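Here's the structure we're looking at; comments come further down.
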Amino acid sequence: MDKKLITEDGRRLDGRRFDELRPIKFQIGVLKNADGSAYVEWGRTKILVGVFGPRESHPKHLAMPDRCLIRARYHMAPFSVEERKSPAPSRREIELSKVIREALEPAIFVELFPRTTIDIFAEVLQADGSTRCAAISTAALALADAGIPMRDLVSSVAVAKVDGSLVLDVMDAEDKLGDSDMPLAMMPSKNLVTLIQMDGLLTHEEFVKSVELAKKGCMEVYAKQKEALDSHFRIASKEEV
Amino acid sequence: MDKKLITEDGRRLDGRRFDELRPIKFQIGVLKNADGSAYVEWGRTKILVGVFGPRESHPKHLAMPDRCLIRARYHMAPFSVEERKSPAPSRREIELSKVIREALEPAIFVELFPRTTIDIFAEVLQADGSTRCAAISTAALALADAGIPMRDLVSSVAVAKVDGSLVLDVMDAEDKLGDSDMPLAMMPSKNLVTLIQMDGLLTHEEFVKSVELAKKGCMEVYAKQKEALDSHFRIASKEEV
Amino acid sequence: MDKKLITEDGRRLDGRRFDELRPIKFQIGVLKNADGSAYVEWGRTKILVGVFGPRESHPKHLAMPDRCLIRARYHMAPFSVEERKSPAPSRREIELSKVIREALEPAIFVELFPRTTIDIFAEVLQADGSTRCAAISTAALALADAGIPMRDLVSSVAVAKVDGSLVLDVMDAEDKLGDSDMPLAMMPSKNLVTLIQMDGLLTHEEFVKSVELAKKGCMEVYAKQKEALDSHFRIASKEEV
Amino acid sequence: MTNQIIPSVKRRQIIELAESGKRMDGRSLTDLRKVEIKTNIVEKAEGSATVKFGDTYVIAGVKFEIGEPFPDTPNEGVMSVSAEFVPLASPGFETGPPDENAIELARVVDRGLRESKLLDTSKLCLIPGKKVWIAWVDIFILDHCGNLIDASSLASLCALLTSKLPKAEVVGDEVKVLDEYVPVPLRAIPINVTLAKIGDKLFVDPSLEEEEVMDCRLSVAFALDDQKQEKICAMQKGGVGTLSFEELLRAVEIAKVKSQELRKLLPSGEK
Amino acid sequence: MTNQIIPSVKRRQIIELAESGKRMDGRSLTDLRKVEIKTNIVEKAEGSATVKFGDTYVIAGVKFEIGEPFPDTPNEGVMSVSAEFVPLASPGFETGPPDENAIELARVVDRGLRESKLLDTSKLCLIPGKKVWIAWVDIFILDHCGNLIDASSLASLCALLTSKLPKAEVVGDEVKVLDEYVPVPLRAIPINVTLAKIGDKLFVDPSLEEEEVMDCRLSVAFALDDQKQEKICAMQKGGVGTLSFEELLRAVEIAKVKSQELRKLLPSGEK
Amino acid sequence: MTNQIIPSVKRRQIIELAESGKRMDGRSLTDLRKVEIKTNIVEKAEGSATVKFGDTYVIAGVKFEIGEPFPDTPNEGVMSVSAEFVPLASPGFETGPPDENAIELARVVDRGLRESKLLDTSKLCLIPGKKVWIAWVDIFILDHCGNLIDASSLASLCALLTSKLPKAEVVGDEVKVLDEYVPVPLRAIPINVTLAKIGDKLFVDPSLEEEEVMDCRLSVAFALDDQKQEKICAMQKGGVGTLSFEELLRAVEIAKVKSQELRKLLPSGEK
C-alpha cells in the first residue's frame, strides 16, 4: 500500500488526470458468425463481444410467451490476467454475468421478440480494470450491430477512491490498491441508471460525488460509442453501394 | 478407545441409562413455503424437514402413470459437524437419502397421486448421532403436516453396542467409539420394519436383543410423535376458530 | 531410455519378431444383457466390448431422421494400468472414444436404422499397448454378434518405431520408450483406411513403410476375427439345432 | 413465468396501495417486518445465528479451520462466505450447486462484511505465508419470503459477532489448537438495507410478493467503525429495471436511517 | 416404468411358483445360482477377481498406492471401495458419475469388508501421520442379472484375498517401493448374503426378474474371525417394501447358512 | 441435423466445381486462404498470437507458472494445451466444459508441438522432482469458419515462438522469480496442414462449408529441426469417411508442400 497512486502534481500512474478516461477504441462488426459483434481496447483492457439472436430458445422450456429471454456470459481467457485463470467459471464471473445482463436488458425492447433468446457473450482477452464496464459498453454496440431494437445505448464506467481522491475509469492497480470501486452503467439519453455496485468505504458526500463523476464519464463513453457506430454504419452503407 | 462410554454405575456419557432416549422435542408447521414441515431437537441433533407435494413431476419424464414419485434428500449444513463439511453431496448423504426415502415410502398411499411427486427435504443443522433416525421420524410429521394420507407414522431409532452393552438412541461419541450401530425404522402400529442397517460386530444373540431394544425405542418415539401431532392440530383447530 | 527394446538377434522384449502380432484370442457373445458382445486377450491387453441397439434414441432430440446415431465409449478400469486411473473420463479417453467411433461407423449401414442409436461400449480391463486398435477390432465382432449389417469388418493394429526399427503391434513398453506410434484401422476387404493417427518422428520413407506394415498386420487381425466369427456361429447354429 | 397475468394484477394492486403509503401486509413503505435474531443455536459451530424478517428465515454458521493464506496476503487470515438456497425454503429452489442468485447473495453479503473491515484478518495469521485461520461463513436460506440479502447479511454478522476463535499455539512449523477460546477480532459493524423499486415508489425490506413484481432493488451496506464514523461500504443494484439518479440518492438516504434502526437489534454488547 | 402390466403378471407367476417352493429358473427358494470365481486375471493390479452368480458378472481390482492417512487415524492405512455400473452391463445403465444405486452398492460392500476387520489397516502404515498404503478396491459390474451386492462383495473379497502388497522401505521421510511383495495383512473373512422378499416368501440370491418385482431385499454379512467365531458384521435393507420382525429374523437365519456355503468356494488356502 | 437437404445439394455443388479444380470461394484445391498472424497482443501473457485463416479467427496465449513435474519425468517442465470453443465463435457452440471436438483439437495441437520436440522441457526444470515451469497454452476459438486445427496449431506455435520465460533464481528449496526474461528454449518447429476429402478430391485448408459436407479430414504435422531435417511428427484422421491408401499417401505429399508455404509466414527470426 506504500505505492502512491496519485503523484504530487495530481497525475495517476498512467499520467491521466483524476477525471480522464483511458484511450478507448471500439470496433464494430469484427466477427463473421455472430449476428452482431464489437471489440474494445480500453486502455489495456481488451474485450470481444458477440451477440446471437433473437433466435429460438433452447432448451424450449426457457422460452417466455410475452418476451425475449436475454442471456449474458462474462468470461475471462485463462491468459487475460497475471496469474493464469482456471477455465471453469468463477463465482465472480457468474455474478458479473448477472449484473451485465441486468445492465443491458432495460435497453432492449424484449416485448418485440416473444419466445426467443438473445445471447450476449463477452470474452475478456486482457483484464486491466473496469472489465464489466467495458463489457457492457461494448455489448451495447454489438447489440446495435445485430440490429436489435434498443431504447438507448448503455454506457458504463467505474469511479474509485484512491489516495483520498475520486478518480474516473479505474485501472487494475487502482482497483487493487484503492479504497473503493464503484461501477455504474446508464442509458445516457434517458438519464437512467441500469447498474450500480460499490465496495470500499465512502462517506455520503464522497458517494454523491462519485455518482456525479461516473455520470460525466458515462456521457464521454457514450460519445465514443456513437462515434464508433457512425463510422461503422457510414462504412457499411458505402460498401453496400 | 480408552475413553469409557459406560460408567461404573451403568450410566452413559450424558447420564442416560442404556435404554433411555435423549430428550426429543418435535415442532410441526415451522415453515411458511413448504407444504408441510417439522423441526426436531433430538439431544443435540437438530434437523429441519420440509415437504412439497403432491406436485407436478419435473422433469416430466419422471412422472409415473400409476403412482406418486417420492424423492428424499438428506443434506448436512457445512457447520453441522466438528470439521466443516464441504457443501457438495457426499456419498454418505446420497446413500442416506436413498434409505430414508425407502423407510418413508411404505407409509405413503402413493397410488392416490399418480403422475405427481412428493419431495422430502431434510436439512441437518447439527449432527450428534442418529441423524437418519431423527430425519425419518421428523419427516413423518412433516408429511402429516402436509396432509399426505399415510398408512401409519414411521418411527426410528438406533441401537449400538458400546463397551459390551447394548444402548438405545446412539449419540455421536457412541457411534464413533462403539462396536456397532444399528438404525431401525418401523411403522409402529403395523409392526413392520421399513429400515434396517447395521455395521459392527454382533453375535446372533446380540443382534436379536438389539432388534428388541430398537423396537422398544421406536414405540417411545412414536408416542412423542403422536403427542406433537396432537398438540399441533389442537392449536391449529383453535386458531381456525 | 537406456533399455534396449530390440535385442541383438532382432527380437523384441517379449521375443517377437518385428512384424509379428502378439497372441490374440477373441471370444464372441460373452454377455447376457448386451445385444452383442466380444472379449479379447491381445497379449496382456484385455478388453470387453458390449453393443446395444439399434434402439430408440434417448434423449429424443438426438435422433436423426435419415440414419442411425452411432455412439462409442472407450473407458479404462481404474485397475487396468500401473498407476490407478481416476474413474472420471480423461481427455485421452474422450478423444479415443471419438476416433474409435469414426473408425467403426464407415462399416455400419447407418441408413438402415433411421431415428435409432447404436451404442458401443469398450471397457479396458488391462491396458498393455494398442488398446484403441484392440477395442476397434473387438467392437467389430460385437457389432456382428448384435446382428448389425456391416459393409465389412474393421481390423486395426499399431506400428511403432523403436530403436530405429519399425515394429508391428505395439505393446506398452514400446509405446512409452519408442520414437513413434501409428495406430491404423481399415476395412480389409475394401482396402479403405478408417483410422490413422501418428505421433513421433518419421521420415517420409519410414512413414510409407509403417503404413505397409500396418496393412499387413490388419490383414492378419482380420483373419483372426473371421476365425472367431466362424467358430462362434458354428457353435451357435449347433446350439440351435 | 408461464402465467404473466397474476403478477401484473398484483403489481397494480401494490402500486395503488402505495399511492396512499400502504402495503399489502399493512406496513408503511419504510417499515421493516418484525426482525428476530437468535444466536448460538448450533453448538458445534464456532458461531451461529438464525434471523427472521417476518417469515423469511435464514441461518448462518461460522467455522474456523486452519488453512493456507492467499499468496498475495501471506499475513492475513481468510474469510469465505457461501450461500445455499436449500430446497425446503421455496417451491422454486432446486438441489444442485449454487445458481447465480445464490452466488450473488453470497458475494453481496461477503462485500458488506469484508469492505466494512469487520474482521481483522491480520489477527487470524498463525504462521505467515503458511498457516492462517479460515473463517467459513455458511448461509442457509430456510424459508424464502423476500429480502434474502438483508436477512443473510444480518445472520452472518450476528454469527460472527457471537463466535469464538479457538486459541492456538505455534511451535516451529506446527500449530496446536487449544481447548480455549478468544473473542474474534472485530472492528466496524456493517448493516445492509435493501429497497425495492416498484413503479416510482421505494419499498424498504421488500416481501416476496413485492420482489416478484419489482422493477429492481438496491442494497446498501453501512459500516459503523470504532470511531462511530458511519460510511457506505457496499452497494448492489439487482433486477432488470432502472433507477433515476434522484431515486438512487433517495434510496441511499432511506437505507441509512433504516440501518440505524437495525443496528439497535444487534446482540447486546455490540452495536 | 411406463409399462406396469408385465411386472405385475411376472410377480404373480413368481409368487404362485414359490407357493410350491419353486422359482422361474428351477431353483428352490434357498438355492444359490452357480457361483464361479476367477482370480489374478488383471496382472497389472495387485489383486483381481471376476465372480459370476449365474449370468451376473462382476470384476473387482485392487491397487495399492502410497498416500496420506486420515487426520483422525494417523497410524492406519486407508481402504476405499468404489463401484461403477459400466453401461455394457445393462440396457438401463448410463454413463456418468455413480448414481445412488452404485454408491449404495459400494458402501454396502465397503461396510462388509471394513466391519469384519478383514484388512489390518494398522499394518498399512508407513510413516505415521504422513504416508500410508491406500488400498483402492474398484468394482465394475459387467453383466447385471441380479444380486449385485453378493457378487460384488465376493469379488472384492477374493481380489483382496489374492492380492500382494509391495514391500516398502522407509528412509527418513522417503518411502522406497521395492520390487518384492508381501501378503496383505488380513484377519476375518466376511461373506454377504442377500435375500429378496416377494409376497411373504424369501428368495436367496435373487435374479434380476425377481428383483424387478420384489418388495424389498435384506443383505447380511457374516464375518468369521481367526478364532472361528462367526458374527454379523453388516446389514442393509433395500427397496420400498417392509419386513415383519419375524421375517427379519428368519432372513438372518437363512443368510447365515448360505454364507457358510459360499465360504467353501473361496480361493484355496482361505476360508 | 434436422435438415439434410441443403448439405447434400451443397455437397454436389462442391464436388462439381472441384471437377474443374475450383472451389466455392474461388480457391484452387490446394490454395490456402489468406493467413494473418499477429503476436504479442495480450501483454499480460508471456506469449500470445492471433491467427486468421480467412474468416477463421483464433487466439492462443502462453502463461508460465511454477508447479510440480510429473513423477515419471522429474527433470522436465510441463506443457499443457487446452482449447475452448467460446460460444461467440459459432451459433452451434455452447457454454460448458470442452466437448469431444475441443478436446480432440487440443490434443492434436499438443501432439504437433510435443512430438516435434519444439519446447526443450529439460530447460524448464527448476528443482528436480519438485519445481518446474509449467507452460500453459490456451487456445480460444473466436470465429469458426473451418480448419480450426491448422489455425490453432499456428497460433499456439506463434505464441510460444514469441513468448518470454521469466528468469528464476533457485536458493535452496525456494524459487525467486526475477523481473527479467530469457528466451523460451525452442528446438524444432512444427507446422500442421489439414486436408478434407470430399468425393474423391482432397481440399487443402477446408472452409466451414467444405467441412460440413466432407467425408473425412487428414491433418499432418511436419517438424523442421535445427539440422533442417523435415519429418512427419503427428497425424490425425477425423470424420466418419474413409481414405484409400493412395489418398492417404497423396494427402501427406500435398500437406508437406503446404507446410513449407506456411513456414515462410512465421514471425521473422524464426523458420
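Note that the chains are named A, B, C, D, E and F in the order they appear, and that numbering of residues resets to 1 at the start of each chain.
Everything that follows uses one rule, which is that a contact is a pair of C-beta atoms (placed from the backbone, for glycine too) under 8 Å apart; a residue touches a chain by one contact, two chains touch by 3 or more.
Bear in mind that the values here come from a model prediction, so they are computed numbers and not experimental data.
Shared contact partners of subunit D and subunit F, listed by label, are A. Steps from subunit B to subunit F, minimised over paths through touching chains, total 3.
When you average the Cα atoms of each chain and compare centres, the chain farthest from subunit C turns out to be D. Relative to subunit E, the chain whose mean Cα position lies farthest away is A.
Subunit C and subunit F have Cα centroids lying 27 Å from one another. Separation between the centroids of subunit A and subunit B, computed from CA atoms only, is 52 Å.
Between subunit A and subunit E, the centres computed from C-alpha atoms are 58 Å apart.
Under the stated contact rule, the graph of chain-to-chain touches is a ring, a single cycle where every chain has exactly two partners. Chains in contact form a single ring whose order, set by starting at subunit C and proceeding to subunit E, is C, E, B, D, A, F.
Contact residues on subunit E toward subunit B in their complex (touch as defined above): 1-2, 4, 100, 103-104, 106-107, 111, 114-117, 216, 218, 223, 231-245, 248-249, 252, 256.
Across the complex, subunit A is touched by residues 41-45, 48, 55, 57, 59, 61-63, 65, 82, 84, 86-91, 95, 97, 136, 138, 140, 142-145 of subunit F. Residues 31-34, 37, 44, 46, 48-50, 52, 55, 73, 75, 77-84, 87-88, 119, 121, 123, 125-128 of subunit C are the ones touching subunit E in the complex.
Residue ranges on subunit B touching subunit E, taken from their complex, read 64-66, 91-92, 94-95, 97-99, 101-102, 105-106, 180, 182, 187, 190-204, 207-208, 211, 215.
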